[in-house]
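Next, two complexes with chain A in common: one pairs it with chain B, the other with chain C.
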Partner chain A sequence: MRTFFPVEDLARDDRFNQITMRDRMGDARSVLTSGEAAGKRNNNRLTPSRKDASDAARGLMHGIFVGEIQALEGAGRTCFDFETGTEAPFALKLDMARQAWDEARHVEISIMLSNWMGTEIGQYAENTVLFEAACSSDPVLRLAGVNRALEGLAIDVFTTMKEFGDLAGDPYLEFCEDWMLADEVTHVKMGSDWLRRLTEHDPERRKKALEFQGVVDKLFSYGGTRSDSEESPIGLARRFRELAGFSDVEVEDIAAVSREALDERKAAVARMQAAATLAGA
Partner chain B sequence: MADPHKPRAPFAPWDRRELPGLFDVEESARRIGNYKWAEMKLFEALGGWVATVPELDVKMRLGTHCYKHAWHSELWHKRLPELREMNPERLTQPANEAMVRFVEALTEPEAPELTIEKLVGVYRVFIPHFISAYTFHKNNTSQITDAPTIRSLNFILQDEFDDWRDGEMLIQSLIETADEVDRAAAHQATLEKLMLEAGGIAGHGSIGGATSPSVTAY
Partner chain C sequence: MTGNVTVTPQTFHFVSFDAALIQRVTESLVSALGLGEHPVVIEVDETTPLARVSVDIGETITIRVESGALEDTRKPRMQSEQATATTIGRVLLRARDRLVGGFGEAPADVDLSLAQIAAWEVYCVGRLERLGIKVNQQRWRYNFRNRHGFSDDADASFDRLWASDSLTWGEFSALGAAAP
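So, the complex of A and B:
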């Protein structure tokens, strides 16, 4: 078996349809739709009152499901790809193995929740960007990109889904999301702790890791999917991020990046609308 | 109620533990170092394989088992300093060169069509050898002086039996043709021959018989 497994070779059964971030960014459909397409609503947050709430929640749950598979695969690869001691500490690998078990449970939970919500495996496309972030040749960059950026996003997503379950009167969904949220806080904290320990005497490596985390954060804020604004489907779970080891400054940075991404997307939608108006005139 | 001042036997009539054991401190540490190395190689392989298997149920099971073997290696890592080995890495070694070749052969399959080979290597060869080495250790070490090792062995053996059953059931569910039976058997034989050369997880004498020189009975 090779070390450093390429994203193109991720093994899936026939139900799955994989797309890249490039495919997703090239898709004319967007999470943040124009006012008209969204039924004249100015609140885009995923709540049961949204007209498309059921479908949006099902789509998000499927996204969680495939994300958990890739998180499982990424944690597993970190156990295998690096030599113990010289490339990655034994204790770090133990943490990654523990994370693999947690992610395996999350896949199980996501399958059961998807079934509960009426979704079939493979009903939505699988974006493989999470695993791509787990392919770095430096374990510190993997921890920054996956544990801090992507698992941080998972904290935001699970908090939003937990609230959705609460508002929709679905204790089954709320219960499961709460348990997964507890695990994700642990994973992010794991990433924060290891990042600090492994780069304690190597500021350059820490800088590179934080830059990589910033790139991944920005990538996942694409289209304003996640931000403090009610216009974003997913909120920023500030309290849980604090528990996971993010400093106030770091949370503010993510909020700013998310807000910027939302504004960029709104400007792009406005440009498209103006062009369509001109073309129709 | 009985008189609390009346002398009682230090060992209750039902306590049949015995003091003698087959391993001295040094031999016990050597074996545990071999166990830790082998458990590490196993959890690394299971983790690495997750991305390579298309079967969703197998993928999830490998992730779960990956952690169990990581935890076993952690238990052995923590036991080594208690056996006077203050540098656990010094004893974290393969039993011999043949064991290294066994692990290389075990982890060789990567293609998505080779799930049977991956599972056979782990659940029909590696884990059964863990079970036998651990059982031999548990049944032959001093029940009193080496009680901490026995406690870990009990936890670990429970996991090994559970995982072996999970893995064997997965293999049986994946094998659908006579050719696949042959594939599984051929791969098992290849690996079993390497394991024979290695003599088991802790080398020759893993389950008694040809004991290593430092093994003495007390």
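So, the complex of A and C:
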């Protein structure tokens, strides 16, 4: 079996259509700027009071579903890609195997929730950026990028969806998201613990891993989709991040990076919209 | 008789949409719904991925639609004929309900509650399905439940609305579906 699997070769049937972050960021349209022409500040937070709440929740649920598939693939690769002992401790691989088991269960739960919400498998484009973060040749960078950045985002997303289900009175959504959230907190904690242990005597490697995490955190802010601002559909789940082993300073850093990503995305959209308007004039 | 359908813009810069497809789908719906005496204007806002739709009903039916409502969610920025038919069809049915379908005393669109909007959507989409347009009933049931509660009573209201063809606003309200 081959090691270090490229994102292009992930197994998907023809129900799925994969897009890259570049495709996504090349879209000159954005909800982040839709109200600004009228001088209004946007409130895009995903709550049942939004007119498009059901469809927005369905889209986010599908994003969770494909994210779970990629998280499963990433954790599975980490079990296999590195030599036990010399490159990755057996106990780390055992944790990754446990995580793969959790993610597989999350995929099944996500499919059932999608059916419940009226969404077909593959109904929304699959952004493959999550798996790309799991392709590093250093297991420590994978832990930083996947377990701390990606699974950290999952904490934010599940918290938002859990609150949505609670407010809407949807018993299944609230219940399922709560259980998956508990697993995600564990995954982030595993990443934090292993990052500390594996880099205990190697500050340079730790610094590199944390830098990589910062880059991935910014990518996973999805150009402003996740931040403390009400303009972002997904909020930053500070309390659950704390439970998962993030320090206050780390949470503040992520908040700043997310805010920066939001502002950069708004500026990029404004530039693209101006260019498109000129082209149409 | 097929009414006069106008689509703007004719050329898109933010998305890969086809004005001729929008026109063709709309003409087909106008004919099927017997609205041929009314000119229809479709104004697409391609600058936002949101999916809001509004309609002004007069001699001319003017529909303003954001690009997300016509988009293929599998392929961002590409158009979906099915989404186009479902979106335009829902709005045309609402217009027909107000013009000739016994919904004359219904509040203006801006005064409708989210629960009333969800119920009217169900009434429209059920009829679109019977016109042969492919829809996912569970999507609309989920939206209805979000507005009317996750209960057997709400599901029973949904089923009656979905199966109905010629309700008046009074009957629609009596179904218990129009509660704010």
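Quick note on the criterion: the second predicted complex is superposed on the first by the 256 of 281 C-alpha atoms of A that agree within 3 Å, B and C clash if a C-alpha of one lies under 4 Å from a C-alpha of the other, contacts with A are read in each partner's own complex, and residues count from 1 in each chain.
In this section, contacts are C-beta pairs under 8 Å (C-beta built on N, C-alpha and C of every residue); 3 or more make two chains touch, one makes a residue touch a chain.
No experiment lies behind these values; they were computed from the predicted model shown.
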item: Partner chain(s) touched by A:N17 [first = chain B, second = chain C, both, neither]; value: second
item: Touched partner set for A:D248, first chain B, second chain C, both or neither; value: neither
item: Partner chain in contact with A:A168 - chain B first, chain C second, else both or neither; value: second
item: Touched partner set for A:A125, first chain B, second chain C, both or neither; value: second
item: Partner chain(s) touched by A:E200 [first = chain B, second = chain C, both, neither]; value: neither
item: Touched partner set for A:E230, first chain B, second chain C, both or neither; value: neither
item: Which superposed partner A:E211 touches (first chain B, second chain C, both, neither); value: neither
item: Overlap of the chain B and chain C footprints on chain A, listed as residue numbers; value: none
item: Residue ranges of chain C in contact with chain A within the complex; value: 9, 11, 13-15, 46-52, 67, 73-77, 114, 117, 136-143, 145-146, 149-150
item: Interface residues, chain B side, partner chain A - complex; value: 40, 43-56, 59-64, 66-71, 73-74, 77, 89, 107-110, 112
item: Touch list for chain A against partner chain B, complex; value: 1-3, 5, 9-13, 69, 72-73, 75-81, 84-85, 90, 93-94, 96-98, 100-101, 103-105, 107-108, 121, 131
item: Chain C contact footprint on chain A (complex, rising order); value: 17, 19, 23-24, 27-31, 34, 48-49, 51-55, 58-59, 115-120, 122-125, 168-171, 273, 276-277, 279-280
